[in-house]
Each structure stands twice: as structure tokens, then as C-alpha cells.
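A single structure is presented below for examination.
Chain nomenclature is as follows: A, B, C and D, assigned in order of appearance, with residue numbering initiated at 1 for each chain independently.
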């Protein structure tokens, strides 16, 4: 006789690996600081993805080997990186011209909350004592062709991050296209949240219970297409 | 693997359709992508709006495109040139439209289009007839004119060196409008005198990052407009 | 003869006065002109408004300038950093003002200031609290926020190589805000790791033309912020 | 017995030489197409002036020696030029950022008409059959710190170019600071046209007769300062 096992979703690395599979060969991509950065490690063999970092580098490569870093070659998270063959450096206004002008194919960002209409909140909890800091998030969501969110499905204390409407200050209105969580891949469409893939051992109702907005099951549609 | 090379100038203009807006790099003959313009003549698309600082000279390149009846409207700052009657004749006959824009406003509108800036306030032209009908607002006690970003369906660009990713460097004052036009068009095609593999260009000296470029055609010995005009050449 | 070199970092900040607006290049430590910032601390000007993407780290460079009580207001996009309590403590105590600007809007406002563009409409931030109180207008069915150009009395910049005319090239991602800040300030002072004679830099690779630069100081072995912070350094 | 000799003003080259004397060492200058271009030949020895051409070059040098030109190294008048040590190339939006942003110290332009309030008309005669063409003139007058005009005092058919108010379409409002003609150097101030220097053998009344607006004589003021 065993106690019921609580289903376990994807780990952060598994989420990154899964998201990486959906990035097309040749895409120009900005990966947000934190969890989304991991995606770079899991680009499938044979695909060439060009990474953009908003502090002025297109063609960002992995961290330098020990002792080979340059403190003036860093990413948006201010960690040392490298430059790939075919890279280019440019100034900040040119970098955000790329972003705002719709030249990047995809950005993947973290989230505090995503609403069913695609609103994103990811820059401020609005707390009294917090130092407000926005960085490039508002520019990315307003300019990049596709905006994916990569996040745990719920907060550490179990509160759903996918909600009917955001309670935190917004980063952008109606900007999110797709959400990769530990539990599922969810498209944000005119109809709201639609599950397009469940993580192994996760059921639709398990996700729906942890989502604070109506959730549609679009898996069959997808599979039948 | 990212490889934006194509063997054919025809491919480079294949996305164009009737009624398209086409930005063409160059200031006079410097930076004029003659071979790509001639491919656009071969393509035959009509009803085009063309953005270029001038209107070409002789009966080659941009002037030939206009003469071939493919251009309904020019957006430029200086439609006169020493060696062309093509545009002036059509303009006087009322057969081609002209949107005259101060040169700096033209460059800035193209940059704005490429940078996702919908519109901007500039002091240039305030109080002149080129501001007629436009919103004017005072900033710091000076009148400024509201000008709108300009985008295009296709940009045709001449570069000195391109790599397979589309990273570009230019030759001297042939750079002119090319970098901002590459940004402002949905599809940017480049003719490059030299093609190199990614990594051959120093990332510090790239002028146009490859993200702004869709296709690159190798044109090893590009024709120079003044030579063609001096020889009385015409196209097609 | 044009020779913008000066031997003294004190000279490089001498034009600053109390209440001045100072743009300081750098994104995190990359491109931070530590030696010029320390000269500004020695100068002692107070009531400054400082424009930088961040607020410094440790108790050197920008963080030291703030800690020294010389800064009344920061204009930046990301005032938090891993290794600083200087700005957060003052901000929570209500002793320093913050104008929070999205990073791309900050860069574009600085470029606009340097380019004579009084204001522009950007989609960034529309519908968010950072657009509160700002004019919003629809272009192409999307709301855009009116943002104003930003200028300064003084810009402090770190370059890799400068010639005597003030032509600059940078090192990798240390370029960041420097080129647009050099444009937007009445007076731009540069610390350069290498100084060369005019003609030594290829005109094709100059990033910041000398017209935007007033003074150049040779700082052959600039301190790196992370090293100073790791060593627990503070200034003065 | 000889007939009265008609006074002769400065030649074009003499005008260029005179204007060149008033350009400060180290100045960044844009010289308009045509007559103003000549100024470059007369910069006094020992002064370094940096010439800007709006098609993307700072540090423009003289025409190339025969056979050494590059058809892609040209000036705004589309003539082949050279680049000086310390030169830089840039694209058109950056070039006009320099102009509009007030970074150039001086531009010298031709004129059809200059009004006593500083209005300039130099791009269009408004003729029916003419092809309108503006180039960079409106940008230059709106952005450059000082705007000088270099022009013959009258048109070929003897009509004054310095007028009470312009009849041709304007290039800019209240933009002209100083005018160099074959007859005189005239400052444009809040009080209107003020002669600050007469060409050799030219009298004030001779200039006043050929000026279609009130003309003040500020030579004594200047000399007494």
C-alpha cells in the first residue's frame, strides 16, 4: 500500500530543453535573464540560433572558459559571455532599434503573472520597499515578433501565475504568445489559455486546478492538424 | 546553418509585387545597387513607390526603372540630377508623383521606420511649405514638425563586404542610406562585391548586423553608374 | 591644430557645476569610466542629475559618487545591482529621486537629445504605469507613448582607442550607451586606454566621430569595477 | 576726361578668401554646394578646419589627383573628394543627427533671398516648370550653430537678394547670422541688416542702394569695440 504520488512536472533544465525544440533554425532570439538563459544550452544539433543581448551584441556565445573572460564582454544579466563567428557589436540605441523595430523573431522571458488576454507582469511586485527596476522588458514585449514566457506554473507558495487578469504592474498589454511551464505548454490565443502539450505524467485537470483562468484543451486539435 | 547567399539577382527581388514600396540605397551613384535595380526591371513589378535620395541619372539603374514605367511615386529629397531627363520629363507631364522630403528628415523617417518609432518631432522644415498640413508643436520655444516613420516592402542595398549571415561593411560614402534602409524594409537584399564566411569580419567593425539582411548576391565587379552614363548605356 | 588631449582627469570634469545633468557611460561595469567618475567626486559638484543604466556597485565609481551625496536624482532603467546597497538605502530613505525609464526608451531619448529630435512616439510602455501622465496616441492601431529627448551638460565616456580629434572606438559590449551619450551632452570627456594620432584609425571603423568629443584623457590601465568591489575598495 | 568707373566688388574667389578668414581654428563646418565650396581652398595657414559633407563624411579633403578618385567617395555635390587624417564615415541618419543636433559650428550656404529678419530662401523659385528639390538645406539651417550665406549681392539682372521679406518659398525662418557678398559683409541682427565691412572701393550708399531693406552701418561700432 503506497501513498498517492504527487505528479512532478519538468525541471528547469527540462523546460529549457523543451522550449529550445520550438525555436526555428536561423531565428534571432533574446533570452531573458534567469531561467530563459538556460535555453541556449539545449538548442538541438544542426540548428543555428543567433542570440541577441540588449547591451549590444548579436551572436552571443556561451560563458568563457576560466581565465579567458573579458569584463567588458557581458550579457544583459552582466555575466561574462563570448561572441560567435558572425557576431557584431553595436550601441544601445541601435540594439533597441532591433528590438522595437520588430527584427527579433523571439524573446523568452520570465513572469510574475500572465493574464488570459496575454498581458504580462514581470518587472515589479509593487511592494512598498522594493526598488523599481524595469530594464529592457517593456521594450522586448512591445517589439519582438513572438513573446514566449518560461516560468514555473505556480509561485513557491502555490499561487497560480496564469490568471484572469494581472494584479502586479504590467510590462505589456496582450503581448504573450506562448507559455512554457513545468506542467504544460500553453498558447495564448484570442480564446484565452489553450494547453497544447502536457508534461509527462501531468493531466489536464491537474493543470486546470493550478490555473486561475479558464483553460482550454487544444491537444487534439494540434494532433489532428 | 544560416546562409543568406543566393546565386541570382532575380531571387533577390522575387518578393516584390505590384504596388510595393522599395527603398534603394545610394546617394547619386555612390552605393547605387545597379545590378539589383536591373533585376527589378527584369522582374517587371509596376506601380512602385521608390525611396531614394535622388532619381538616378542617364538611362540606367534607378533612372531606367523610372523610364520603364514601373514607378508611380518617388519619395526623395533631391530629384534633379546633372545627367537625367527621365524623372523631370515624367514629372512635368504629370505622370509620376513626388513626395519631397528634406534629406535629414528622409533619413530620420527611414531610421524611425526601422526602429519602431511611429513618429517624431523635428525642427527641420518648420515654417516652410514642406510642413504644410503637418502637425506643428513648440518644444523649448521652437516649432517642431511631426514626421512619420517610413517602412518598405523591399530594400536594395550595395555593400563592399558581406558574410553569409548578412553582416555588412560599406565603401566610404557609399554607406549613406543603406544601413537605415536595411532596417526599415520587410525584406532586404544586398549585392556585395566581396563575400566572406562568418567570423571573417571583425564584430567591432560590422556596420549593418545580419539581422537586417535577408539575401546576399555576389556581384564581384559592379557597374559604376557614371561609366554607364558616359558610355550612353541604357537598360534594358 | 586640433588636439583634444588633456593630461588631467580634473580638467575633464571642470565644466560641471552644481545642479548639472551628467550622463555616464557603461552598462554594469562594462564601459564604466571609473577614473573620470572619481575625478567628479574630487571636483565635488553637488545636486547632480545622473543618467546611467544602473546605479553602480560596491563603493567605487558611480556608487561612490552617489554615496558621497553629490547626486539628487538618477535617471535609469535598472537601479538594482548585485553588489550595492548605496542607492537602495538612499532611495528607501527618500533621499534620492528616481526617474525609471525602460532601457530602450532611455537609449532612444538620449539619441534623440543628441540628434535634435525633441520627442518621439514609441510603443514601449504603453498601457503600463511608466506611461502614466504621458501623451498616448494611436499609430497603426497601436498605442504609442510620447517620450522626450534627453540632453546633458556633461558626458563621461570610456573608450578603447581615441585619436587627438576625439574619434573613438570601443571594446566589445563596453560600447553600450557611450556613443549616444557623447552626442547628447554639451561637453563630452573621454578616458581612453590607448591614444593615437589622427589617421591611425581607419575612417570606416570609427564609432564615435570626433565632433562629439571635447576632451580626451589617457588612462592606460583603467581600474575594473568588479576588481575594486572584490577588494572592498571605496572612494574617496 | 574719363567716364565714371562702376565700382567692382569682390570676385567669387575673393569672397571665399574673405569668408575663410572668419572661420575659427578647430571649427566643424559644412560648405554648401557651389560658391561656398571654394572656401575650403582659402583656409588660412595654421588653422585646422574639419569639413562635414552630409552624405556621410567628416574630415573631407580636396579633390583627388587625376586617376586617384573613387566614385564612392564623393561630396554632397556628388563630386569626388578625399578623406583627411582623422576622418570618419557614417550613415545618413547619423550624419543628419550631427546637423540637427547642433554639433556643427558653421554652415555656409548660397541664397536666392535673405530677409532682414534672417529668413532664408534658397531651394525653390516656385516656378511652375521647375522640379522641386530641397536636399539638406532645411536641415542645415535648422540645426547648425551659425548659418552664413555667401552670395552675389544682386541677381544677374540686378535685383537685390537682401530683402525686407522673402518672396520665394522659405528654407528656414530667422536662421541667417551673416552674409558675405561681393559688396559687403552684413550681420543679421535683431535690428535687421548691419554692414560690418565694405569691400574695397565700395561705399555704404552703394550697398544700401542695392539692398531692398533698411541697412545699418555698424562699421564704427565694430572698429571701436
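Just so we're on the same page, a contact is a pair of C-beta atoms (placed from the backbone, for glycine too) under 8 Å apart; a residue touches a chain by one contact, two chains touch by 3 or more.
All values derive from a computational prediction rather than experimental measurement.
Visitor: Starting from the mean Cα coordinates of subunit A and subunit D, work out the distance between those two points in Å.
Guide: 57
Visitor: Centroid from C-alpha atoms only, then distance subunit B to subunit C, rounded to Å. What do you get?
Guide: Centre separation, subunit B to subunit C: 34 Å.
Visitor: Just the number, please: Cα centre separation of subunit C and subunit D in whole Å.
Guide: 36
Visitor: Which subunit B residues sit where two or more other chains touch them?
Guide: Within subunit B, the residues that touch at least two other chains are 108, 111, 115-117, 122-123, 170, 172, 203-204.
Visitor: Going through subunit A residue by residue, note those that touch at least 2 other chains and give them in order.
Guide: Correct list: 57, 83, 89-90, 93, 96-97, 99-100, 142-143.
Visitor: Line, ring, star, complete or other: which one describes how these chains touch?
Guide: Topology of touching chains reads as other, fitting no named class.
Visitor: Kindly provide every pair of chains that touch.
Guide: Final set of chain pairs in contact is A-B, A-C, B-C, B-D, C-D.
Visitor: Of all residues in subunit D, which touch subunit C in the complex?
Guide: For this pair, the touching residues of subunit D are 25-26, 28, 48, 50, 52, 57-59, 83-90, 93, 96-104, 142-143.
Visitor: Spell out the residues on subunit C that touch subunit A in their complex, using ranges where they run on.
Guide: Counting only subunit C, the residues touching subunit A are 27-31, 53, 77-82, 87-88, 91-92, 98, 100-108, 110-111, 122-130, 170-180, 207, 224-226.
Visitor: Quick check on the complex: what are the subunit C residues that touch subunit B?
Guide: For subunit C paired with subunit B, touching residues are 108, 112, 115-123, 139-140, 142, 144, 148, 169-170, 172, 203-205.
Visitor: What part of subunit B is in contact with subunit A in the complex they form?
Guide: Those residues of subunit B that touch subunit A are 1-2, 111, 113-117, 163-165, 167, 183-184, 197-199, 201, 203-204, 206, 209-212.
Visitor: Which residues of subunit D touch subunit B once you look at their complex with the stated criterion?
Guide: For this pair, the touching residues of subunit D are 53-57, 70-74, 78, 83, 89-93, 95-97, 99-100, 129, 131-139, 142-143, 169-173.
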